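For clarity, chains are labelled A, B, C and D in written order, and residue numbers in each chain start from 1.
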Amino acid sequence: MRLFLIVEEPIDVGAIVTGAFRPDCGAVATFIGTTRVDEGAEVEGAIASVEYLEYEAYRPMADRKLEEIGAEIRERWEVGHVSLVHRLGRVDPGEPSVAIVVASPRRGPAFEASRYAIERIKEIVPIWKREVWSDGYVWVGSQVGTRSVE
Amino acid sequence: MRLFLIVEEPIDVGAIVTGAFRPDCGAVATFIGTTRVDEGAEVEGAIASVEYLEYEAYRPMADRKLEEIGAEIRERWEVGHVSLVHRLGRVDPGEPSVAIVVASPRRGPAFEASRYAIERIKEIVPIWKREVWSDGYVWVGSQVGTRSVE
Amino acid sequence: MSGVRILLFGAAADRAGTRQTEVALNGGATLAELWPVLVDLHPGLAPMRDTLAFAVNGEYARMEDAVSPGDEVAVLPPVSGG
Amino acid sequence: MSGVRILLFGAAADRAGTRQTEVALNGGATLAELWPVLVDLHPGLAPMRDTLAFAVNGEYARMEDAVSPGDEVAVLPPVSGG
């Protein structure tokens, strides 16, 4: 199983988590980011809301950046296993877009490393998402899109 | 699916994690404790090592304490889902003894609440483990057991 | 029924040599008063005193809390779940 | 081959109206020198300047870094993975 992975299909979270279990580690911390949809706000008499997120990446740079984050984690903490998986394309509400799994002998490093991983992914991995609304889309972070109300 | 649970059989980690995905939450943090076995130390010419852990609980008090921790988390953080599952009986190396899953709209509360949950479980839930070695056992935290070298 | 049911767990069960016992009580008593009676029955528990917690009817209790006939008292070594 | 291949992502692709373009270079240049040439071709990019990062051949690069014919330059809006 590859540990640093960009995929087009749904992430198999169960397999990624159980793949981290090792007899020399007592702690497995994971973080999974899922598409969140807030309650729609009424705009000009209609309720608009996010229907799904759509992700794109600059590959293979994005793949390499995931591996770099894995290497950074192994430098900073005592970990037995690190896996970082990011999905591309359409991700519906409640579905995972990213899964981070870290196994360590002790729980402190496992928690710290999993938190570090998601912050670094949001910082350096060339992946972009747009919110797709019923009336258009908006690139998150750039506020550029096709919605007339933005 | 019950959310606060003490079980005798292996924990279905995949089902517990994916059961936390909700469209109103963007972050799912989990912690899984697994049996860790350190390299055996040589004692009187023989290598001794932990073969497995064995857990017992004072029930139904332990069940209620898991629910209390869930209530504490909902008081302190904005969470959409909390599930705490602890296994009893023999747990082999690399197998999960406890699974904590928290979903929140944002990642900060998800991380904080999952960390809080494992600290509280170790503090107030009446569950005990003993290390079973090739030459006897030791109750963790009490250093009482049957091993002659302790 | 004038007895108090005592449940012992983990290392305390090992030290007592049993996982369950019964202590006779004439009327009420505190946990502090119950303890020496229990140690008379199971002297192996004595050295554990400072490490133990107690529950009465499934909830943590302090040494000054009351125990009545029919109650269930649990003797709890330092918990080690997780 | 005297061109530099330009890849555009996310909001930058929207603003440029394309996901890929080519800029002719006579010899070397810096990213800072390449930028006005790119904006001439795709004026919609101009207002994004301060938010953009750049990569040369798949690694983050600074504006003073060199670009040579045959290189691949990526125009990267603020990343928003996770």
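What we mean here is this: contacts are C-beta pairs under 8 Å (C-beta built on N, C-alpha and C of every residue); 3 or more make two chains touch, one makes a residue touch a chain.
Predicted, not measured: the structure shown is a model, and the values here were computed from it.
Among the remaining chains, not one touches chain B and also chain C. Chain centres here are Cα means. That of chain A falls 50 Å from that of chain C. Taking the mean of the C-alpha atoms as each chain's centre, chain A and chain B sit 25 Å apart. Our note on geometry: chain C versus chain D, Cα centroid distance of 74 Å, whole angstroms. Multi-chain contact residues, meaning those touching two or more other chains, do not occur anywhere in chain D. Taken residue by residue, chain B touches two or more other chains at 33, 118, whereas all remaining positions touch fewer.
Listed by chain label, the pairs that touch are A-B, A-D, B-C.
Residues 13-15, 17-18, 21-38, 93-96, 103, 105, 107, 110-111, 114-115, 118 of chain B are the ones touching chain A in the complex. Remark: chain C residues 7, 9-12, 14-15, 48, 51, 55, 58-60, 74, 76-82 touch chain B in the complex.
Looking at the complex, you find that chain A touches chain D at residues 33, 55-58, 60-62, 64, 86, 97-98, 118, 121-130, 139-145.
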